[in-house]
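Let me begin by handing over the structure; questions about it come next.
Every chain is named by a letter (A, B, C and D) in the order it is written, and numbering of its residues begins at 1.
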Amino acid sequence: MTQHTHQVRIYYEDTDVSGMVYHANYLKYFERAREHFIGPEELVRLFEEEDTAFVVYKAELTYKEGARLGDELEIRSRVEAESKYRAIFHQNVHRKGHEATMVEGRVELVCVNHQQNLVPLPKSVVDSIAKLQASA
Amino acid sequence: MTQHTHQVRIYYEDTDVSGMVYHANYLKYFERAREHFIGPEELVRLFEEEDTAFVVYKAELTYKEGARLGDELEIRSRVEAESKYRAIFHQNVHRKGHEATMVEGRVELVCVNHQQNLVPLPKSVVDSIAKLQASA
Amino acid sequence: MTQHTHQVRIYYEDTDVSGMVYHANYLKYFERAREHFIGPEELVRLFEEEDTAFVVYKAELTYKEGARLGDELEIRSRVEAESKYRAIFHQNVHRKGHEATMVEGRVELVCVNHQQNLVPLPKSVVDSIAKLQASA
Amino acid sequence: MTQHTHQVRIYYEDTDVSGMVYHANYLKYFERAREHFIGPEELVRLFEEEDTAFVVYKAELTYKEGARLGDELEIRSRVEAESKYRAIFHQNVHRKGHEATMVEGRVELVCVNHQQNLVPLPKSVVDSIAKLQASA
């Protein structure tokens, strides 16, 4: 399976007094990458026109090396549709162009409507997943 | 005019690599204080039942001394209804029990409905302002 | 094992366009609870005088029910020292006074010095863990 | 005086329950733009090698139109060195390619060393300001 790559720059807002990136922020970077994988316009269209929002059901992070102010990171994402209701993203943080994994993530997503009821993954997202997998 | 006091504890999430609180976060503390001034339940009721949300129209901050990890701060707020559409909050950050002002804030609020149209300040808020002023 | 309880109020800053609390923020609430378990003054003392900072090594979250604007939450934490280098926090989010778990968390912590080298858990923290466990 | 342009994408993390971008976040976007104006590597070099950090002394924001999920914004910055100690940034938020100002900002910056003592603006920054002004 090939991967989707999204770049993140580390600013003052991302760091804490330890000098490193605050640990919760990596969940934000993972979500930014997923929003670009789906496409920001498509994400808004799904929300407004198809009453479909993405909800994280489960998240696991393993922290190996912290990022710092000014760093350029790459979020490398692979994804699988585990069922018609659930997508699993494997998302790792790398320093730009480097192979060592800084943070390893696994995020399970489901879709809900505005009443918080489960709905199937949208066709556009299922297609994007298939397309990413086929590009291997 | 007397003031409303709200306490804020500084956690890792609030700081940045400089060792101080990240400058944008004081706007969050000011808003937390305003939400307690209005009352969290009343705020939700206004949003859900009266289609009334609060929007910051203007904010001014002057930074004199930075807060650090573990600090206990007090947000001291005075407020006036400048017109039936606009409330002005004067909100200052102090170290708990100290007189020196660390950050000085002035925040102008208006109310809007879900179509982003201006609506008058709700009666409950006008009353809370009058009550705070009368308590002098 | 008994548990440590920390209360969290949900403000505008905590929510996102879905109307629920943004998923990454629960990691912040878990950390706030851990900072109070250790003691904010002790946390600062360890950082400044003993060159000891806490680093999250692994975090797992399972989201069952989202919190909303105005909610009062309780973070209920149990903790064990798995080795002299590693503490494991089991941290769950509840609506205040309710038994249903909204978010289930498991956070592994280690300690490092300013060179990012592993150091043992501080005595004060090992003692706090033993005390919490003994209070059963 | 010509201007520096920095692009910002609006993600879930940026929004709140009102459906709009949380008001404090524009201060983050202004800072990201300033970090790119100075140069992320130069910013880190000043911090680590010249013991010089940037501190916001004063910030003023006027909110005219809120941004939403998926928006592409431009932060357009002009800057002047008011004295050898103080730089003033005029920073406005626009929808990408549009002329209407969504948020109008004015941010006064000074530099401090790690003891929080005032130091002059670094030569590299004074030069960047002169260069931006000369490019008119």
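Note that in this section a residue touches a chain if its C-beta (ideal position, glycine included) is under 8 Å from a C-beta of that chain, and two chains touch if they have at least 3 such contacts.
Everything quoted here is computed from the prediction, not taken from an experiment.
Enquirer: Return the chain pair with more inter-chain C-beta contacts, choosing between A-B and A-D.
Expert: A-D is joined by more C-beta pairs in contact.
Enquirer: Can you name the chain that lies farthest from subunit A, using the mean of each chain's Cα atoms as its centre?
Expert: With centres defined by C-alpha atoms, farthest from subunit A sits B.
Enquirer: Calculate how many whole Å lie between the centre of subunit A and the centre of subunit D, each centre taken as the average of the chain's C-alpha atoms.
Expert: Result: the chain centres lie 27 Å from each other.
Enquirer: Go ahead and note the Å separation of the Cα centroids belonging to subunit A and subunit C.
Expert: 24
Enquirer: Centroid of subunit A to centroid of subunit B, CA atoms only: how many Å?
Expert: Roughly 33 Å, centre to centre.
Enquirer: Residues of subunit B touching 2+ other chains?
Expert: Residues 12-13, 17-18, 24, 28, 31, 47, 68-69 of subunit B each touch two or more of the other chains.
Enquirer: State the interface residues of subunit B toward subunit D in the complex, per the touch definition above.
Expert: 17-18, 23-25, 27-28, 31, 47, 53, 55-63, 66, 114, 116
Enquirer: Within their complex, state which residues of subunit A touch subunit D.
Expert: Residues 9, 11-13, 28, 31-32, 35, 40-41, 43-44, 47, 68-70.
Enquirer: Within the complex, which stretch of subunit B touches subunit A?
Expert: So the residues of subunit B touching subunit A come out as 12-13, 15-19, 22, 24, 68-69.
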